[in-house]
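Common to both upcoming complexes is chain A, partnered first by chain B, then by chain C.
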Partner chain A sequence: MDFFSAMEVSASGLSAQRTRMTVASSNLANASTTRTAAGGPYQRRDVVLASVPMNNATAGVSGVAVQQIVADPTPPRLEYDPGHPDADVDGYVAYPNVNPVEEMVDMITASRAYEAGVTTLSTAVSMAERALGIGR
Partner chain B sequence: MSAAAIGPIAPIALPTGSEVAGPRRVGDGAAFGDVLGDAIASARANEATATDLAARFAEGDTSVGIHETVIAAEKANVSLRYATTLKNKLVEAYRELMATQV
Partner chain C sequence: MPGCVSRIYDAVNRLEVAMSYHRERHSVLASNVAHLDTPGYRPVDLQRAPAPEATQPWLTAPGHQVGPAGGETRTVVDDGGALVGPDGNAVQLERELAKIDANRVRYGTSAELVSRRMALLRYAAGDGNS
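And then the complex of A and B:
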């Protein structure tokens, strides 16, 4: 049934937005992490989305998928704090390149996009229900 | 005056051959039963997916999200209602035919 195409495309969008939300929360949680497994401070992560053709969907319609989660290469924020165990010889500590304001904006965008996806989905469901009600 | 002996009652013979052939498909369209069968099969498949996802979600499988579970349940709901609607139409058409005045 073609109503399911709309539902599947919306579902892929919801998953993508959920990943963006997860990444934003990871960035915020690690906003002052100075140690990572790879060494150095935490690097801000970004989500790369790609459009993908959907199974069983109308031709030409595509959903969205998270292609990769990449590290933001901007340099870390240096803060003078000689007492910190991770301070360098000059007394500067490298903090993650995370800007909380930017993360909040990303979070709001993801949340609104998720809402839009849910609205699309419930509209598709109510269209299907209307179709089933024909001739009742 | 003599009366012929009453013979034994013959067993009831089952009609044979083409007398009891099943419903015959007329024309090129799919039989209503096939359409209904497909709808029911699709509803069952969707219902199985929804049950599986709900169980995995309840068990704490982190690869299953909330919306995947709810969407699967919604799909199962819509396809079941589709099958039910088809069934109702079939029964309605049958009743209509049975009410034909002869």
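And then the complex of A and C:
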């Protein structure tokens, strides 16, 4: 049990938050995408985080990992636009189920959590440096 | 002054136990911060307590030393905050960061005390000329 395992735990949190940020920006970028490889409009993605045990860490200490990235099953937003090439027979276009406000909030929380992780990481570094300074 | 140096060692050993506790506690608290968004995660904390009398090493001579982490037990305890979010996650960021900072200061205090005792030893070893 050393400072490196604390740093690893913090790093796992940082990469999880970075993934959340990437997924939120992908959702925002595709807020109006009506065509995808799978067919139909883009579906909002969500990140599922899970705790994973860390090597040689104290019991109770666990890292975090992205378990999967799932598609949000809520139905697409329908907008009346008969001129659109992707409009259905009634003239409705299915737009992605992305709510930009929700994505922005997600990005803010992810970025704050990332900052907290960086603070924790640099605290571990400063503690280790403190120990190296003993007897100097 | 016989026993003076061994008292310094004794103090350094105790401080080392404290430092290793704070180091370990930092990992535990870092794990809480990493799990800021993990559904159902409950924050934990590390508690230290003096070991029961039976497991305490007996110091029967002035030169005897207590080894690192000797004489104390550490347990990871559930430290649920008052607020549990809709996803069952009970981590409160401010609380965790405050604890991490306090823990860092305590660690630094112990490190500083060890440094000063080392300086004392150096002073003694250098015949008072350091």
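Note that the second predicted complex is superposed on the first by the 135 of 136 C-alpha atoms of A that agree within 3 Å, B and C clash if a C-alpha of one lies under 4 Å from a C-alpha of the other, contacts with A are read in each partner's own complex, and residues count from 1 in each chain.
We take it that a contact is a pair of C-beta atoms (placed from the backbone, for glycine too) under 8 Å apart; a residue touches a chain by one contact, two chains touch by 3 or more.
This structure is a prediction, so every number in the text was calculated from the model and none was measured.
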{"item": "Clash-or-fit label for the pair chain B, chain C on chain A", "value": "fit"}
{"item": "Which of chain B and chain C A:93 touches, first, second, both or neither", "value": "neither"}
{"item": "Chain B versus chain C as contact partner of A:18, first or second or both or neither", "value": "first"}
{"item": "Of chain B and chain C, the chain that contacts the larger number of chain A residues", "value": "C"}
{"item": "Which of chain B and chain C A:125 touches, first, second, both or neither", "value": "first"}
{"item": "Partner chain in contact with A:64 - chain B first, chain C second, else both or neither", "value": "second"}
{"item": "Contacts of A:49 with chain B and chain C, given as first, second, both or neither", "value": "second"}
{"item": "Which superposed partner A:113 touches (first chain B, second chain C, both, neither)", "value": "second"}
{"item": "Partner chain in contact with A:6 - chain B first, chain C second, else both or neither", "value": "second"}
{"item": "Inter-centroid angle chain B-chain A-chain C after superposition on A [Cα, multiple of 10°]", "value": "40"}
{"item": "Lowest inter-chain C-alpha distance for chain C and chain B in the superposed arrangement, angstrom", "value": "7"}
{"item": "Overlap of chain C and chain B interfaces on chain A (superposed complexes)", "value": "1, 3, 7, 10, 121, 135"}
{"item": "Residue ranges of chain B touching chain A (in the complex, touch as defined)", "value": "42, 65, 67-68, 71, 74-75, 78-79, 81-82, 85, 89"}
{"item": "Chain A-facing residues of chain C, complex", "value": "19, 22-24, 26-31, 33-39, 41, 44, 46, 74, 76, 93, 96-97, 100-101, 104, 107-108, 111, 114-115, 118"}
{"item": "Contact footprint of chain B on chain A as seen in their complex", "value": "1, 3-4, 7, 10-11, 14-15, 18, 118, 121, 125, 128-129, 132, 135"}
{"item": "Complex contact set, residues of chain A against chain C", "value": "1-3, 5-7, 9-10, 12-13, 16-17, 20, 49-51, 54, 57-64, 109-110, 112-113, 116-117, 119-121, 123-124, 126-127, 130-131, 133-136"}
